[in-house]
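Multiple structures follow.
Shared between the two complexes below is chain A, which has chain B as its partner in the first and chain C in the second.
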Partner chain A sequence: MTDGAAETRITDLLRSWREPVLDRWVELAFDAVGGRVTERELRTELSELYELVERAFGDDGAAMGELRATLAELSRGRARNGFSPSETAVGVFALKQALYERIRTTRDQRAYNDLIDFTSFVDELGLATFETYAATREQVIADQSEQLLELSTPVVKLWDGILGVPLVGTLDSARTQVVMETLLEALVDTGSRFAVIDITGVAAVDTEVAQHLMKTVMAARLMGTQCVISGIRPQIAQTIVTLGIEFGDIATKATLADALKYALDRSGVRVTGGPED
Partner chain B sequence: MTAPPGDEVPIASNDDVVRVRQLVRTAAAAAGLSLVDQTKLVTAASELARNTYAHGGGGTMRVERATGEEGRPGVRIVFADAGPGIADVEQALSEGWSSGTGLGLGLSGARRLSDEFDLRSEAGKGTTVTVAKWAR
Partner chain C sequence: MERVPILKIGDVLLVSIQVDLQDQTVLALQEDLADRIVRTGAHGVIIDITAVDIVDSFIGRTFATIASMSRLMDSETVVVGMRPAVAITLVELGLSLGGVRTALDLEEGMRLLGAGAPGARAPAADHS
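Moving on to the complex of A and B:
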């Protein structure tokens, strides 16, 4: 589609109008990002880009690779710093407007025609920017869910020698691994002989969840700790029975309070002064 | 990310299994199933979705409102994959038999948890499992 002459012409214009077009580009891009970067920073970034665009559009293959890398770096930074997609993309697209405005003042018909090629070139760059931006955001989300995984599996001390593991949400393999590691480590650190795994916050117990729970209990048992599973609500109990899952000799209780009482009794602690029951 | 009833959702990762559970729970509650029946259907869906992902190499799920005998409202769910299929359906449905390292209760359990269960499988072509649960 593009003939060499057209490219050269735009490249010439880009070179000779470097100052005014870059100024206008910085101005437009600065408006778009709303003062979250200083104009000076933006000018540094964009003048680097400008030079690369100039060379890349002039069929310089090495410059094209460098341009893509620089753009990717720029949009990764934008994504990580919470800029919106349009704020990020406008930074690139504004170059079109800057150059177009300049050409309009000259009424140069040939330059107008050549601008079309340049426009699709910039559009392509803008899209590449966008893709990097989206990929980076996805990475940020993946990182966050991993952090959430760690955060959402606390092991708390309920009593001397009794640990509590409140589980909330869904229990998949990755989560179970974290729970198991955290629990086993806490067992070593505290020397607890009892652990209460509370599943009140687990919406559904299917065979995978049950299997993960049993593995955790078995691992703790190997370390000399007895586990009690609590928080088994009526609908969960009925479902487990229908599914045909057997928890064997693992102690289970309806509520966390029952489980705590069980563990206290077993460890020889007598609770007095409470309401009679 | 919630799909309207009747739409197909992909099952291509463990996260999709979680989404399947949420969609089924919403549909079951909307159809007026009791809390116990909701939980049973969600659990059955969870087993089947995981089978679709783990054994079928991924596939789709479609959840829809349906009407059972005597006009009882309910939910029907169809899981489909284009995986290797089940060579011996009888064996797969028997309790305690597992092709992997699971408990071997998933498929047979899902059948017991639902009111209607239909499994069609062709070796090399894939598997389609349909389950339904009606309000009492």
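Moving on to the complex of A and C:
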């Protein structure tokens, strides 16, 4: 805002043409959002924005802050409801066109010149909606991955004193940390002497994943619990041997059932009955 | 300097650590334990670290030393009640305490040593 006179000119125009420009703006913005918002809702939002733009462009500092907050709120709502960022921003940019169309009819040379300032002002607002939009989406993604982390690390009780940890997906350090903590807490809570870590759902095992598994097993052992790793598929067994990974004296079983049987045997539970009886 | 008390229950020596562990405390404990094992002819040592929040690499290594030392004197060492946070720290430090037996709680540790808690059921004959 450099030239006081220039601002006043556009501010005056904005004030005197409030109804027609706002109408045109709503019309243009309505086209952009493709009918997913009712015209009435849009009009309410935009008339609030229009008023704030009018005041903010007239060098009202408080209005500027309020305008940014309102825009951010609008943009967040759009992002959550699945609008694309350009649909959101075009809604704001439409104000330029609405005003320009109006000024063109008057052939007012000074207004043309001032329009440049106003245009860059609106561009700035448009960019602000982009930023909020991106930040909101980032937040949504972060929330989701956190939920995924919680979802994907259940610890289940298989038997008295035997816990099961079915792992699904890829093991990275963050997940191993969560798995380890959840498992160890569960060990304390249940006083289990055995834990079966089932990796049937783990896509691939490389040196890093093996390292993470070893750490979990070691930590459980330090607390007095023996871990059994189950669900090692043929390809994974081949990979592990090819990579030269040593599982040391950690018990490994082909299936969860084998591992459970092993743990039951070791804890002195005898399973009676069966096909042969 | 604080000294950690060593209690004798039947054939087993019980060390329950309730203080913040300093290097000196652990070294003194190591000496005291060696003396007591020889004097009492105990067959098992249980170190209860339920109340310990922090274990550094030196203390972790000393536990391993105590274990191998007592094995030389025909006494089995069991570390019981390690907290999850402590276990994670030790693993991150690369200490697996090989040679030290571990158990979830004191009762489990007594059972491992075949002593059984006083008044509890007889030592389980599971591992025949």
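Definition applied: the second predicted complex is superposed on the first by the 174 of 277 C-alpha atoms of A that agree within 3 Å, B and C clash if a C-alpha of one lies under 4 Å from a C-alpha of the other, contacts with A are read in each partner's own complex, and residues count from 1 in each chain.
Please note the rule applied: a contact is a pair of C-beta atoms (placed from the backbone, for glycine too) under 8 Å apart; a residue touches a chain by one contact, two chains touch by 3 or more.
Bear in mind the structure is a predicted one, so any value in this text is a computation, not a measurement.
Once the two complexes are overlaid on the shared chain, A:268 sits against chain C while remaining clear of chain B.
In the superposition on chain A, A:221 makes contact with chain C only, while chain B stays out of contact range. Looking at the shared chain after the overlay, A:69 reaches neither chain B nor chain C. In the superposed model, A:238 lies in contact with chain B only, and not with chain C. Of the two partner chains, chain C is the only one touched by A:193; chain B is not.
In the superposed pair of complexes, A:181 makes contact with chain C only, with no contact to chain B.
Of the two partner chains, chain B is the only one touched by A:208; chain C is not. Overlap of the chain B and chain C interfaces on chain A comprises no residues. The part of chain B that touches chain A in the complex is made up of residues 14, 17-18, 21, 25, 35-36, 38-40, 42-43, 46-47, 50, 95, 102-103, 105-106, 108-109, 112-113.
Chain A meets chain C in the complex at residues 180-181, 184-185, 187-188, 191-193, 215, 218-225, 266-268. Listed in rising order, the residues of chain C touching chain A in the complex are 79-80, 82-84, 86-88, 90-92, 96-97, 101-105, 108-109, 124, 126-127.
Partner chain B is touched in their complex by these residues of chain A: 170, 172-173, 203-208, 210-211, 234-236, 238-239, 242-245.
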